[in-house]
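Just so it is clear, A, B, C and D label the chains in written order, and each chain counts residues from 1 on its own.
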Amino acid sequence: MGSGKKRIEKRKSEHIKIALSRDVAGREITTGLEKYRFLHQALPEINFSDISLSVSFLGKPLSAPFLISSMTGGTEEAFNINKNLALAAQERGWAMGLGSVRAAIENPATAYTFHIRTYAPDIPILANLGAVQLNYGYGADHCRRAVELTEADALVFHLNSMQEAFQPGGDTRFKGLLRRMEEICRVLEVPVGVKEVGWGIDGSLARRLFDIGVAFVDVAGAGGTSWIQVEKHRTEDSVMKAAAEAFADWGIPTSECIVEARREIPGGFLIASGGLKNGVDAAKAIALGADLAGFGRSLLPAAVSSAEEIARRLKQIELEMKIAMFGIGTVNVRELKGTDRICNIGERPF
Amino acid sequence: MGSGKKRIEKRKSEHIKIALSRDVAGREITTGLEKYRFLHQALPEINFSDISLSVSFLGKPLSAPFLISSMTGGTEEAFNINKNLALAAQERGWAMGLGSVRAAIENPATAYTFHIRTYAPDIPILANLGAVQLNYGYGADHCRRAVELTEADALVFHLNSMQEAFQPGGDTRFKGLLRRMEEICRVLEVPVGVKEVGWGIDGSLARRLFDIGVAFVDVAGAGGTSWIQVEKHRTEDSVMKAAAEAFADWGIPTSECIVEARREIPGGFLIASGGLKNGVDAAKAIALGADLAGFGRSLLPAAVSSAEEIARRLKQIELEMKIAMFGIGTVNVRELKGTDRICNIGERPF
Amino acid sequence: MGSGKKRIEKRKSEHIKIALSRDVAGREITTGLEKYRFLHQALPEINFSDISLSVSFLGKPLSAPFLISSMTGGTEEAFNINKNLALAAQERGWAMGLGSVRAAIENPATAYTFHIRTYAPDIPILANLGAVQLNYGYGADHCRRAVELTEADALVFHLNSMQEAFQPGGDTRFKGLLRRMEEICRVLEVPVGVKEVGWGIDGSLARRLFDIGVAFVDVAGAGGTSWIQVEKHRTEDSVMKAAAEAFADWGIPTSECIVEARREIPGGFLIASGGLKNGVDAAKAIALGADLAGFGRSLLPAAVSSAEEIARRLKQIELEMKIAMFGIGTVNVRELKGTDRICNIGERPF
Amino acid sequence: MGSGKKRIEKRKSEHIKIALSRDVAGREITTGLEKYRFLHQALPEINFSDISLSVSFLGKPLSAPFLISSMTGGTEEAFNINKNLALAAQERGWAMGLGSVRAAIENPATAYTFHIRTYAPDIPILANLGAVQLNYGYGADHCRRAVELTEADALVFHLNSMQEAFQPGGDTRFKGLLRRMEEICRVLEVPVGVKEVGWGIDGSLARRLFDIGVAFVDVAGAGGTSWIQVEKHRTEDSVMKAAAEAFADWGIPTSECIVEARREIPGGFLIASGGLKNGVDAAKAIALGADLAGFGRSLLPAAVSSAEEIARRLKQIELEMKIAMFGIGTVNVRELKGTDRICNIGERPF
């Protein structure tokens, strides 16, 4: 067991290192957001200073429709990152996801690395667990533990089948998970969400997830971080390295996930993430139907650096989003979501 | 106030310098004109020497359907540019726009830099003001002043929301401008036009503008000079610099603006500008529905150099336009505007 | 005759050498498989360990729906390659094709190079002859001989018109071959298949082939090895070298062959080959309608090296196929064949 | 007059030199033939040796459906080229066009450079004149003279409006030419054809030309030699050089001309030329509807070299055409013209 814990910690810190220093983007695949263009409104008829980004999530107000995607925890380094992210999220009024809390459940000594509520008393915080753990002994009690440890507002299950398939000794028993998640949704005291980790959730799965009672879905589509590439950099196994090449373009582009999911579940709470680079991408994601936009790896470098640095980064994303809204003349997130001033470039009739 | 004036002058001269020496084109965005191709007419059945480019604008005859876009004024350097442009425009029979006359209104000592009527007694001259100034204290009197100072034939309001958003301390109160411009249209003694500055006016706004009484619309679409890139080169602010990257492809391509606007306002006087490089581009713009074609930054180098140089440049554009017309067998601008010998390459059925 | 034999042997060994060391891919042509993308299923609801690749072919079970394409024989070097391939195919449970057995028929001393049944007692083995030989004196007896010599489960005729056209003194009398193959189908004791060698069999020919009684068709489409390029490297004739350039993009992409053939012959046994690089390509081919996927030149380097090396390569392809199936949640080949989780990228409506 | 003659001669020899040594291709424009692909027929059911390329043109048999495009004459160097081309055309059974005979009419001393009938007694020879000359004093007598001087089987008028527009002092009075050509068609003793010189004849003009009595049309489309680029290299005038850039993509791609013209004039004799590089291009052109395929500049290097060299080149083109026909299983040009084994790549439904 001790070595199991160590293994998780080693893996987590390798993940961070690789995500910071190596090329972990997929190839021949993009978010698809570059296929969409905002239709500039030359006469916006609004004042820039009137633009508001505020929304609410899990019953709490957010200053901006943004989420820091689940990333880390379990090591001292991870704690520093989480703390910086939490301070910045609190300052800017973003929601924040934590990395998988499994590390803390298996090794309570690391629980403090997930306990960022101290630094972020007011924002929605999301605890995180791999859904597949429900097939490896986890049940409602573990879920509850994850929420308590983190004082989270909700629990998010991540679906990471391809990551497990590429991880040596990965947990690849995915059978029956829908039923098990349904059970957790029924009994858990906080809302439950489901996310992918970079290959996307399509429309029909999104619908099935809302059918079993999840409170929100984060598509976490392709075009940004590819975990297969991350694992490629970790492994020495030449077969796995070569296989990773064959899957470099795997996944559903983020834009396709959003459009499909919104079509299938007109009223469900939808988070768009996966490869978002800036506030314009986020604005496009929301214009295409998302309620929140999530940022993962692109925040890491600043998060490693300092709370000030990451706060500046969040502010920049907000500013870009505001300018995009100004450019099309929408004054709040509700208007942005209903806008017809976004088009698929390929479908323009000239 | 004195420092406000100085600030405007400094900005103006930085603009010129950057426009001349830096890369200020957008990225991943083009005018869209390259998607159109003229259908060569192997037997034109006209004589080259019969081709006429003459049109009329604001009740005055033009030797060619061309406009020098509004660019500068307010400094000694700007005066030289304006003078050269005016001499050349007069010689070649083009219309000419002036840069924003606000500089002269706030600092009458610079008025002479806009007074080019001396050098161009016969051509249509357009005075220019930022529409947003109507929300910052400007009214009919200021507009009148702009026209008088320049002995202009018309006043053009420019819409530059994104430039203001990127300019430190920019004027970003755009609410209610349509009504205010309507008021000016009603009371001003000369015709009023509206233009963008490089992100384009779409069909529906064009229609609304004609509805409030503007005499002409200049789409000033994307694909040429991007003011966000200009401001990027001016700023030291790293947040603004990064934001500029996120907006590098902002705007509606010039060709899309023309086609849309012409569809919406079959009879309105339409100027096509934004990224036009030569007489073939101009011919395409007119074949797609524009009445005049405007050239901005691509004229600057010659304009800085001498009146002869810029006259040569204008002549070259005319020659290219004539050859294009010869190539499709149209003998005057009216025929060019009605031609069916232009096609969208992607829509050719082979 | 002796020199004729020598000529065949020399040609065969040149082919291997060129295929291993030179660029023999076509240009401006691909398999078309890159135009298809699997639609990731974030919740596969299967266990990885339950995935089975097993199918049956020619009445024998295969552990995986894979075939080693017909490649070689006739020389000592070829024997080594065949032996390595056979050992690996037996170990992994793949089917295996032999190169044209004509060499052994014309020169019985080389028969041993095709006799790999010793190393692969259980798998389906395919004897191979050029269909055009039926116009050059070959009949049912020669076909029988080819099957006996190799203890094969079936005989495959290859159609290689373009290779013959580019080969000096090639056998280019292709008239009447359909009737002659029909005759062989009727009288031969084992099933008869037909394959191309890299330019593809289209849907209508596939249908005609099943109509005359063939048991399976291997499309062997374009996008991988181009025999014209192989012959280009062999020839000194500058006319032929130049002609090879003109045909560098000849052929029907593998994906188009599969889709067309499956549409025309819903129930016929279909092998997809030509340019498959890995297990994801193979999975796509099967999802598009193929029953088996064949690998040719991409196996050669490992096959030259050792039985272990090539077995590792086969295993890698199987693993990639399994991961792809996991990624879309299909647990066996039958489900993969019927999947709707593959799409043509260009036809996605967003 | 003497200097006029000299000027023509100088121009002609500059043309040859530039065509041989400089980049004279258009830019961002192709023949469009690369958008078409032959659908390989794996079982051609013909014998290669049965393939025949023979057709007839102007009442004479051709061994292959090929024409050497009109190129030169008027200088000693041109005579050598014409002689080599004529010897090769006679040997291979191709038709041959001569460069504009105007040089010989204005300067009878150069008539011998066009008199290649001695070297090519049996093939169709085409005399050539600029159609625009009919507006500069030429009439039926000059046309007759051109035919007599060359012992030609037909006279071809070339339409070269854009070349004239770019040539200093070019002949640009193209008004009324259709009527004048009609008159020549009526009175001349030999058939009259019309060709472009590299920008293409569209379907509707092709129809009008057959309506006035021309015997054949040679589309001479874009994608190969661009005369604007040739003139660019000749001129010192910087305005003209810059204008040439603006027209670098002018013209109708050869493939579009063929498809359109064949649609408009189902029965008219149609020659495809402009940018054909090899026998596969020629086969595509014929499969798309042409009766003959013409080759211009790509023959020049061999033609300058020797009669043997150019004969080898012609033979190569024939071989490539035959292999293409073999590849799709068509045994003669009639079958090739009616084939359905060619497709527009972009229109394939997979």
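Basically, a residue touches a chain if its C-beta (ideal position, glycine included) is under 8 Å from a C-beta of that chain, and two chains touch if they have at least 3 such contacts.
These are the chains along with the protein names UniProt gives them: A, B, C, D = Isopentenyl-diphosphate delta-isomerase.
Not measured: the values here are computed from a predicted model.
Student: If each hop has to land on a touching chain, what is the smallest number of hops from chain B to chain D?
Tutor: Counted as steps through touching chains, the separation is 1.
Student: Please report how far chain A has to rotate so that its Cα atoms sit on those of chain C, a copy of the same sequence, as a value between 0 and 180° in steps of 5.
Tutor: Rounded to 5 degrees, the superposing rotation is 90 degrees.
Student: List the interface residue numbers of chain C and of chain D, divide the shared ones by all numbers used, and answer same when the ratio is over half, different when under half.
Tutor: Homomeric contact, different residues on each side for the most part.
Student: Please identify which chain has its centre, taken as the mean of its CA atoms, farthest from the centre of chain B.
Tutor: Here the answer is chain C, farthest from chain B.
Student: Counting in whole Å, what is the centre-to-centre distance of chain A and chain B, each centre being its mean C-alpha position?
Tutor: Here the centre of chain B sits 44 Å away from the centre of chain A.
Student: Cα centroid separation between chain A and chain D, in whole Å?
Tutor: Their C-alpha centroids are separated by 62 Å.
Student: Would you pick out the residues of chain B that each touch at least 2 other chains?
Tutor: There are none in chain B.
Student: State which pairs of chains touch, listing all of them.
Tutor: A-B, A-C, B-D, C-D
Student: In the complex formed with chain B, which residues of chain D make contact?
Tutor: Counting only chain D, the residues touching chain B are 28, 32, 35, 131, 159, 161-162, 164-166, 172-178, 196, 199-202, 205, 208, 222, 239, 242-243, 245-247, 249-252, 255-256, 259-260, 344.
Student: Show me the residue ranges of chain A that touch chain B in the complex, using the header's touch definition.
Tutor: Residue list for chain A touching chain B: 34, 37-50, 277-281, 312, 315-316, 319-320, 323-324, 326-327, 348, 350.
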